[in-house]
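Listed after this line are the structures, all set down as structure tokens.
In the two complexes below, subunit A is the common chain; its partner is subunit B in one and subunit C in the other.
So, the complex of A and B:
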């Protein structure tokens, strides 16, 4: 067993851990400040913030030998017998000096800087800096530039940690960013007319520890301390990236990545990042509607449910059969509740999968360790990041329900052919994209005598359906999705449901009359796990933080869950 | 003591020596033939170890020891020859390449044989256009004469030498900065470990040696380690090229045994201080080393003794003389401007520190200095560089050393300068001045909270 000594205390390193000093200390609750180091990028040790005293303990004699000078923690592997001193007077004085140097050319414009509140300079300045600094000369003034349509670079705030440069070289491999000039005139720059243009570009904003790289989409929209963060899962594709959905005043303002080594590591793609806009879309359905003549009329939920149940009961007593279509945008719980309700209506029910959008091919970014700087990078574990071609979050989870309640995953095209034999068609949508269904598909479904739609957006199918119920959007519901690797992941609602709209789980409970709203998705998952074989591993409706692999056991990842200090705080106003 | 016989510079007066025929006729390439045909690589390494040859590039690291750090089971090795020679006032490598290129090629050949490197890259500084032309011509001739190429002298050893011209950055003289630059990247020094001997150019084991170091090797092979150790002072053996420049009558590069004194160099080889003046100080080996005061002119210029005077080291043995009229502040201004310009900008202390020091020195020179600036600069300089452990490479040490050295040795002069040269236009901004003096920067009769000071009263209160 490997033992490491930090500040005089012995700790046992976890089995198989490949830590550097920062990670090891963090693992045991001791913070070593840093800027340039990032667990997924090569080590450059250029900010010099993480310098500590390092030594080794001789296993035979127990004698501790310290190195005469300070050593960066980021380049120090934590091995058996490594001794770290993180709080000595020498180290504290050194941190003070580095903070002073980092700030001499940094403008004190925190009041107008978007990074304020989640800024590495602010946090460490407060913790480790000098109260007043001694620099009395003129500051260097550097320009503000646009490195892409969506990213602005405030060069004067940059501390030259080169995280962004290393990211574009090592992860997407596009290398748009580089360092120009030398010394304190150095600048991060793009090549002329070659903006940062890759599917992962937005991550450079998250990587930047200061307010140098900022997202123009978010710029000056919100102060970060007003945002409440909610753990979400991106619905943009079947990868199911872990995201933080950040809202204030009834609106989602941004998506940020949440670290999950089994899924998305530290990254999200730009499509997922800006996918938050769908949560605030003006085309979301604002209530329940019934088609009367040629027009839809908004009706309160109680009347809507009454009329729907009347229609369905009459027809089902007439021995008419039902075609139920479950979209891959439904959560596992929604799909379970919906399928259960349909099955309870009649035994003449056929279930099918809604359209699964597929665009292009899977795009995998496999970090190449050899692209980075040389050096001891044994503690960097390169993990690939994939953007899936399948643009729906939960096909696997919905198919599980179709297998259990129906005859397997009947594709949407086949379901359309069988509309003629089913007078009642009930569609459960949920796609944030209002063009999820095409005109000829709408026409095919409209051949049904009764067409019922539960959906989030005003779309072509909603224009013609007899009953249209607005349901909670992806940001307004809680539940779980099963991603492409059959990992069950939980997400929380970020917003309350829109005025006049219920979450689908509650609406089904009301319509079916067997359950009292509000319904907790955890209870539904618990019920589903009891009967659906694929979910047998779920215990008590609970899903672990990093998700649950439904097929096999996960390899443990000792460095899982690492996040930069300055992005951690959830300063929720709630 | 027997009269010193120059070896490195023995052919410098012969313009014909540029041709391989002429060099061979003077006994050239005999040492390489001897090494390749009669010795094993390990024997050469042991011989160089026995000679206690120390690297001539500045740090004085034992060459044989460096060679023996290469992993035993390596498949491919690269030799990088450091000819970046960017330390101001240094020009001994240029003389070696321009005046006797084959001696240098022979040195590379033996060095590569000893380290089993079959590819050598000669990294020459941007400005050495003439040297690179001469060297490329010499390499072509040596290749045609069978000293380079495949199966040299029938020994089964292959060697190709490539010349690479830098793009004019001081930092590319740092061995890992050089390797990065050679690989086509920005010349940012790498973190160590791994050292180049384990993972260097193109991620292969690499030896980086200075031109002058390699030029010594043929003579050691030819004449033996004892001959080499018969010259110099303890721990600093062998001949060394000293360059003398600055305010002397004759700026020259001369070969002398290690351990001559500054006085000898000025009087015997530099023709005395110019314009009949007296010397005030001298830089012993490139501007990053600090200053020798006039009283220290009889200290032997070798790797060990010079450190006792408070200088960083022998450096490149490029002695620059300052005459009595030179102001120390001007010397500091030039030095700090150079390092602020040449800092690569990677590590925070060096990037920000060199710029800060330059701005402060410039302000003092313009007449806006404060006595406390000297303490501030001293504190800054003491917290930069490898020695406190705050940077990746030694440039920060080199940038900080002349400042703390000059403040230690010439503080009275600097203080006098600050007191006597007052130029209101160069002073720091009134707000800054008030805060640093513990006063409120507000104009009226008010007080304010100043971090680190507390409640400060305004000047008028």
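So, the complex of A and C:
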């Protein structure tokens, strides 16, 4: 057993962990401040914020020998017998001095800075710095510049931690950013006419511990302390990146990555990052509609449900059969509830999978310990990041329901051929993209005598369906998705459902008369786990924070869960 | 008519390109040749412009930004062409105490340029240096053809400038 002594207390290091002093201390609840260090990037030890007193304990004599000078914690391996002192007068005085040095040229423009409220400089200045500025000489003012169409660099706020430079070199490997000149004249820069252009570019904004790199899409839109953060899962592709969906005043303002070492590590792609816009789209369906003559008329939910049930009951008593189409954008719970409802209507029901959008090929970034790395990499566990070609979040989960209630994952094209034999077609959509269905597919579905659509957007199918029910968008519902690696992941609703619109789970409960809204997705998952064999692992309806692999057991990851403190500030539990 | 692609104009001549490539086997990876390549390009053009950085990056299979990172770290590599001779006048402590700053000012005034600039006739570039390591000659100067000057005073400075304007003495190939 490896024992480490931190501030006079002994701790047992977890088996198999390759921690540096910062990680080890954090593991036992002790914070060592840092800026330039990041768990996924190589160690360069250039901000000097994490310097502490380090020593070793002789196992034979028990004598502790301390190094005479302070050393960077990010570079200090936590081994058996390592002694760390993080709160001595010497360390505290040093932190004060480093903060003063880092802030010498800082403009102190927090009132107009987007980073304010989630800023490493603000947090540490308050905690470790001094209140007064002693520097009377002229400040070295560096320019503001654009490093890409979406990212602005306020060089005057930069502390030259070089996280962004290391990120572009080590993770996407595109190395667009560099340090121009050196020392006091140093600046982060791009090569002329070669902006930061890679699918992961937006992550440099999240990495920046200060307000230097900022997202122009979010710039001056919201103060971050007004945002409520909700744990979400990205619906942009089948990777299922863990994201924080941040909203205020009924609108989603941004997506930020959440660390999950089994899925997306610390990153998200730009497509997922800006995918939040669909949640605020003006083309979301605003209620329930019934086709009368050539026009759709908005009707309140109770009348909509009554008319829908009357139509379905009459036809089903007539022994007409039903074709149900479940989109891969439905959550596991929605797919379960929908399939269960359809199966309860009649035994003459056929189920099929909605269109699964595929674009390009899977794109995997597989950083290793050497490529592009310049500093110490002994504490890094490189993890790949994949952007899937399959642009839907839950094909695997919906297929489980099709397997259980139907005859497996009947593809959409095949379902279209069988419309002729089913007078009733019920489509469950949910794609944030209003062009999810093609004109010829709409025409094929319209051949049905009764066409029912549950969907989120005003789209070509909604234009012709007999019954159109608006349902909660991806940001307005909670539930679970099963990603490409068959990992079941839970996501929370960030927004309440739009006015006049129900979450699909509630609407099905009302239509089927099976339950009382509001329905909790956890209860549906529990019910599903009782009957669907693949879900047996979640019989209590509880999904662990990092998700659950439905097929195999996860290897434990000792360093999981490390995230910069300043980005975690102001987490809402609402 | 089918559009034809124009060949990308290149700045680094083939001979220099081959010379850079010949250095690759000496190092553990291609990126490590960045600094020798910068030196070779610098001694060929007497500057390292952006286009040359781009071409070095292409040869060494790295990005232009990485070359610019290394290039801009060293004050030795200028982006605009130097004069025929480049001279550094030292202003570090030994030279400063013995009048280095005044000599630099004097030289620049005499040539009608600012430190770091090149004379209008393109013959001479004057820069300051943070210690040339020849404190025994303080106040000292060094020209990029390898000549050491010092201890200097106003008259020997004038003689040095006149000498330097005659052009460089032959320099051994890098």
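Note that the second predicted complex is superposed on the first by the 564 of 574 C-alpha atoms of A that agree within 3 Å, B and C clash if a C-alpha of one lies under 4 Å from a C-alpha of the other, contacts with A are read in each partner's own complex, and residues count from 1 in each chain.
Just so we're on the same page, a contact is a pair of C-beta atoms (placed from the backbone, for glycine too) under 8 Å apart; a residue touches a chain by one contact, two chains touch by 3 or more.
This one's a predicted model, so the numbers in the text were calculated from it and none came from an experiment.
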For the overlay on subunit A, clash or fit between subunit B and subunit C?
clash
Once the structures are superposed on A, label A:194 by its partner contacts, choosing first (subunit B), second (subunit C), both or neither.
second
Identify the partner contact of A:182: answer first if only subunit B is touched, second if only subunit C is, both if each is, neither if none is.
both
Contact-wise, after the overlay, does A:46 reach subunit B, subunit C, both or neither (first, second, both, neither)?
first
Tell me the contact category for A:140 with respect to subunit B and subunit C: first, second, both or neither.
first
In the superposed arrangement, does A:132 touch subunit B (first), subunit C (second), both or neither?
first
Which partner chains sit in contact with A:174 here, subunit B, subunit C, both or neither? Use first/second/both/neither.
second
With both structures fitted on chain A, tell me whether subunit B or subunit C touches more of subunit A's residues.
B
Would you mind listing the overlap between the subunit B footprint and the subunit C footprint on subunit A?
178-179, 181-182
Interfacial residue positions of subunit B with respect to subunit A in the complex
169, 171, 186, 190-191, 193-194, 199, 203, 340-349, 351-356, 359-360, 363, 376, 383, 386-392, 428-429, 432-433, 435-436, 450-453
Interface with subunit B, subunit A side, in the complex: residues 43-49, 51, 67-72, 75, 94, 97-98, 101-102, 104-105, 130-132, 134-138, 140, 159-160, 178-179, 181-186, 370, 373-376
Residues on subunit A engaged by subunit C in the complex (per definition of touch)
165, 169, 174-182, 189-192, 194
List the residues on subunit C that touch subunit A in their complex, please.
50, 53-54, 62-66, 68-69, 72-73
